[in-house]
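For reference, chains read A, B, C, D and E in written order, and residue numbers begin at 1 within each chain.
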Amino acid sequence: MYIELKNINKNFGAYKASNNVSFALPAGSLSAFLGPSGSGKTTILRIIAGLETPDSGDIFIDGQRVNDIAPAKRGIGFVFQNYALFRYMNVFENIAFGMKIKKVPANKIKKRVEELTELIGLKGLENRYPVQLSGGQKQRVAFARAIAPEPKVLLLDEPFAAIDAKIRKELRQWLKTTIKKLNITSIFVTHDQDEASEVADEILIINKGRVEQSGSPLAVYKKPTTPFVAQFIGENSLINNYDIFKGFYRQEGFSTAVIRPEFISIFKENEEYKNAYTTEPGIVKTVTFRGSYLEVIVDLHDTELKTVWPTDREILHPNEKVGVLIKKMYLVDSANIREVENEALIADNSVII
Amino acid sequence: GCKSDSESASSTQLVNVSYDPTRELYQDYNELFIKHWKEKTGQDVTVTQSHGGSGAQARSVIEGNDADVVTLALEYDVTAIEKAGLISKGWQNKFPHDSAPYTSTIVFLVRKGNPKNIKDWDDLIKPGVGIITPNPKTSGGARWNYLAAWAYANEKYQGDDTQMKDYMKKLFANVLVLDSGARGATTTFVENGQGDVLLAWENEAYLSLKEHPGEFEIVSPSISVLAQPSVAVVDKIAEERGTSQLAEEYLNYLYSPEAQKVAAENFYRPTDENILKDYADKFDLNMKLVNINDPLFGGWDKVQETHFTDGGIFDQIYSK
Amino acid sequence: MGKGSFTKYLLITLSSIFIFVMLIMPLMVILSEAFKNGISAYADVLSDAFTLHALRLTLFATFVSVVCNTIFGLFAAWALTRFYYKRSKFLTTLIDIPFAISPVIAGLIFSLTFGRIGWAQPILNIFHIKIVFAVTGIVLVTIFVTLPFIARSVMPVLHARGTEEEEAAALMGAGGFTIFRKITFPHIKWALLYGIILCTARAMGEFGAVSVVSGHLRGKTDTLPLLVEILYNDFKMADAFAVSTILVLLALILLILKNVVEYKWHSAKE
Amino acid sequence: MGRTKSNSIIPGFNLSMGITIFYISFIILLPLISIVIVTSGITWQNFLDTVLDSRIIAGYEVSFFCSFIAAVINCFFGTMLAWVLVRYEFPGKGIIDGLIELPFAIPTAVAGISLASLYSPTGFIGQLFAPFGIKIAYSQIGITIALIFVTIPFVVRTVEPVLKNIDPVFEEAAYTLGASRFTIFRRIILPELIPALLLGGGLAFARAIGEYGSVIFIAGNMPFKSEIVPLLIMVKLQQFNYGEATSIAIVMLLFSFFIMFAINSLQAYQQKIVQGGTK
Amino acid sequence: MYIELKNINKNFGAYKASNNVSFALPAGSLSAFLGPSGSGKTTILRIIAGLETPDSGDIFIDGQRVNDIAPAKRGIGFVFQNYALFRYMNVFENIAFGMKIKKVPANKIKKRVEELTELIGLKGLENRYPVQLSGGQKQRVAFARAIAPEPKVLLLDEPFAAIDAKIRKELRQWLKTTIKKLNITSIFVTHDQDEASEVADEILIINKGRVEQSGSPLAVYKKPTTPFVAQFIGENSLINNYDIFKGFYRQEGFSTAVIRPEFISIFKENEEYKNAYTTEPGIVKTVTFRGSYLEVIVDLHDTELKTVWPTDREILHPNEKVGVLIKKMYLVDSANIREVENEALIADNSVII
């Protein structure tokens, strides 16, 4: 494993910013720390970079324990949340800075900066100062500056937070492909799950200074292992009296159900539908256009459920009567999670078979 | 707020714009005068003193400082006020002795025991003698220092211009510090220990002795200049304020024996011969003192023209 | 970020040496001269009527200058940062002039303007106004010499902050004074405080400019610095330095006041 | 950034601009006219002769040289002081902080006399240097020291707030790139400080050129060697020669003004790098 | 119409920030100005508020011409982009400010602030200062402050720009429902189309100081009327040589085609599909998990096309061979737009019929 943290603890006063954090990431991987604000993501990143010293625990990079190695010697590139571009240096000087410090010969620096401006698509803008760049361009310069001295590890703290929605989406893809091309082990911090899902090979869900779950985005989405993850990931509806729905029964200890939009199927009144027996009648409350699909809130037994509707199917209207089928849900208590299928549906299907 | 001093027709407030360092002299004299005026007219009079560099004080009067009388270090400064139209012509003759109620002269202040054995002007141009004197161009009073040396040179070289200038050159070549004012020069010499000899007004030399008893000695050279601080009524202002009479009496009374004694106590030479003799132990009466109106100088206007104007002899001494 | 205690102590030591040599040693000279003739002589000088008058005049001139310049500084900062105005840059540069002018010349120009030979004299005569060689002149030149301090310290803060909060308040119908008091002032109070401190210190200590327009009338137009000069020229070195210590003391009081205000503001909020 | 005056919603344009213009006109411009009026009383030739006189030129040289050195030294120590005051906690910090304004409060003459007594060859500090033939008081070194004294507050108090506001993240960024503490200061912090340093240094320089009271006691005032321009103006005044005095003053004023202008322009340029365009 | 602008022009120097802007919005509506950065959205908003004076044109609020009415008298609430909360006032004081200015009695102010803190869900935080609030909380305080004096019109300049992705989504819904509840005519500025679509009843697309198109989000999405709108809205693929696709022909003057993700259907190799004749073989390049669906880039005739894939269908893999069907596209030139259907598809369907 390329980066490994073992039992890292870090307290700020009485507050446990890192609580026994351990994980290992393979070489060349691109991972994301995903978690709510204040969960300790930045703290772990800063500990790896050496900007913060852990109270206990070991940090290994490429098998070597780096706790006592000076930050600059750890071979780490760090992209700061607001880029922290040097305001009085132009693009060239910013990117060249780390190499100048290392006393790389001028002609080599020049070549490498050229390479990098090419890579980040800013060729010709070498003489611009940070203020003359757009958010996305700044972000890319910060990236180039971090990788210029050819670090073994790249750490990015909320690399997209300060960028416009539109550009953010483009940048995500760009960053992902570029990092993959450079084959540099990277970790980035985000609290946007779309972003984490889209960019990272592996996500680590951080909550209250602990790593709750890690795995591929789809795996984590499809199989949350802790109540926190089940609730945090996805645009869920949280329901307490989940036993009012057909096919679900109250289970001892589990007080809350988490229902994902795709766990719900909606049928228009005029459509013939497969599982007529398990489908219950609901009423559409709101239909919101969300870019390329419609988000639908349906009322079922006086409970609001969120689901989606494609733009190319016949449109749904508020107050329209529809058939609602809940296929499954997660039941959670304070420490456990259980995935339950709609029992009626199981029965229904088995009937057909 | 703008206060305009609302003087009544015949004010009993008098402003005496004087120079440094006459503060104690006039403090004493004012007491004397107030009593005198009370006896004479029954009026209470208050006198406001003002002190500063002689030239700067003259300027302040020209620029608007409402002085009823001026008592400055140089006739030249008073003449400048005259030229500004505030003092009537012929003021020099309004009071006895060229309107100079007391005089002084330039002496040498040397360190205790006179280690460099400085006796006269000749000793000043010896190599290794450090001289401290204020700059005649910034200090009115210091012009007397310069003129005293010139008087000596004249006597020694019998009016040979080149040799006289040469002497002056040598003299100023020995000057270590050219302070901007008399007091600055004294501090440089007395407090900061610079130089072997300070060219100073006699009264200032005495003040230094008083402040630092036992540390210095006064050496009176064979020849020096008769420094005549001039007094005058600023006619225009005094008339406006209705103080002409009071002002005139204020200056006139300076010549009274009582006032002359006060001057002597403050180390100025009284012009009253009798009183001067009373203080013969204090002032070296054997010095030859050259008057500014002596043909050698020819009065202040000429002195200013030949010596102190830009490019004049003094500047030539320092020209490169 | 590392410890760097060596650098820290090096810098602290160097700074302390600099402060000691450049500020504390001259201060010690002043104090030792002031007390050369003993405590009672010192007390005599300070209780002298003329000294007390000079102290009052200094405090008066300082107070008026600081008040005037504070009012002006705030209005100027408001005018030059809250609005777009073509000649703002020019005006801003004009505000700097008193810093670029020698104090003696500063005094002289007032004298040459409002004095007997000044071009404004005929007008002043009509109204029997006396400006120079009176308290008015002293106050005026003190104002002149210290004019830039407050505007100069407040303007950058206002500039950096932008106008949105004021716009928000104005949009809700708040008047100019309310906006200033409630919205703007809290932002600039620190800068204002430091500007006032500098302005006060400089106003108290100003000699050159005041000297030219004062006339040195004893007990009337002598400020403390002028009195110091006169005593000094009168071969009263110890007295001169004793009077100087009043100014040192005033500076000290200023410092204490500053700390009190700082403490109050800090504990009041946040 | 700014809104035009006519349509700004923020109230008080007329009042505040009116007061500003009136105040500036009355306190600054009105008296300033005099300097021009008085100077116009002498001929052009006379003006040139006065300001180009070799003694005066020597005076300019001394004044500018010493003021420049003093400003540079103060930029150095002023930055250090500001740094120490902002970044470190240590006993006696309050004292240092409180002493910074002292040079403004002490009358310049007192400062001059005290410094002269300290640095004269028999003085407390001067005697340390005298054996090596170094004369501090009564030379240009003395002038420079007096000028350093009177202009300390300018640099410290302009740099201090800027230093307080520098975001530590810039330093961290340079740190992760391997920069040493000194490099971080030189390449990252210093550029941030430069506008403030220029301003503080410029103010110190302008003030130093005009300084009279504190300098004359320690200068020695020897023509061509340690004579400063303000002293030469006093010489002219001593001869009641207002025209020539104001001529020299005008040249000085223009020079100081030029310096301030240059600094303002440089600052504008720096500002442009940081804030961009005409904003 | 409640808010109406007629021929508003505003120049900054030579730059036309508003170019003959006219529109009308009904009472109680919630509209969005959507457009790229620098397009002049803020300028129009500021003109309505009276923070900027137009060079020409008329502004009507509730039928009254307000050009010459003082900004504070127009009955407008303004939420600034960075909130412009009064930093030195706490939440209570911030919200109460406008009412205090209007000399509302103290007890009434107290009541209203209580009501509002309740509404924005910040009850109990009245004594906090802005620095002690999170971005979303600040946003809500700014909102409460703006509506406290009961304005007739509410203007919001990029109300969500400075907020975290996750919180932003919650806030959008909150804002929408709250504004609807208050029934206050509102306009907000954004350059995020998801945001505009989700929150607004009506969007006005602004470009270069002009209103390009207006209408409901879905209407604008489904029927762009200008080339700019067609390209700006949606996650489109832009293609020049659109005639390489089966069923599409080059049309005179139209140089570019805009293809929406939902215009493309993908079929796995093992699926039977309806329009076999019109379907072309493509290759999956990337599959990215994006929250609740997968984004798929397919390569068709060496051209990359973006489309979507639901999470509940059998997963697609990179390099998988698929059938691709382009159902329609927009053709655009510099001024015109034309919607073209796949001719082969029309033929195909007609064959079946």
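Just a few scattered comments:
Just so we're on the same page, contacts are C-beta pairs under 8 Å (C-beta built on N, C-alpha and C of every residue); 3 or more make two chains touch, one makes a residue touch a chain.
The chain lineup, named per UniProt: A, E = ABC-type quaternary amine transporter; C = Sulfate transport system permease protein; D = Sulfate transport system permease protein CysT.
Model, not experiment: these values are computed from the prediction.
Looking at chain A and chain B, the chains in contact with each of them are D. By C-beta pair count, the most extensively touching chains are C-D.
For the pair chain A and chain D, the distance between C-alpha centroids works out to 55 Å. If each chain is reduced to the centroid of its CA atoms, chain A and chain E end up 24 Å from each other.
The mean-CA centres of chain B and chain D are about 37 angstrom from one another, to the nearest whole unit. Counting partners per residue, chain A has 51 as the residues that reach two or more other chains. Shared contact sites, meaning residues of chain B that touch two or more other chains, fall at 56, 62, 187, 191.
Shared interface positions of chain C, defined as residues touching 2 or more other chains, are 1, 112, 114, 118, 167, 170-171, 175, 229, 232. Per the contact rule defined earlier, chains pair up in contact as A-D, A-E, B-C, B-D, C-D, C-E, D-E. Chain D meets chain A in the complex at residues 167, 169-170, 172-180, 183, 187-188, 191-192, 194, 270, 273-276. Per the touch definition, chain D reaches chain C in the complex via residues 1-5, 8-13, 15-17, 19-21, 23-24, 27-35, 37-38, 77, 80-81, 83-84, 87-88, 90, 92, 94, 96, 98-99, 101-111, 113-115, 117-118, 124-125, 145, 148-149, 152-153, 157, 161, 168, 171-172, 175, 181, 203, 206-207, 209-213, 230, 233-234, 237, 242, 245-246, 249, 252-253, 256-257, 259-261, 264.
Taken in their complex, chain E has these residues touching chain A: 37, 134, 164-166, 169, 191-195, 197-198, 217-218, 221-222, 234-235, 260-262, 288-293, 295, 308, 310-312. On the chain B side of its complex with chain C, the touching residues are 1-5, 15, 17, 20-21, 23-24, 48-52, 56-57, 60, 62-66, 84, 181-183, 186-187, 191, 204, 207-208, 210-211.
Residues 49-51, 71-73, 76-78, 80, 82, 84, 86-89, 97-98, 101-102, 129, 131-132, 145-146, 149 of chain A are the ones that touch chain D when the two sit in their complex.
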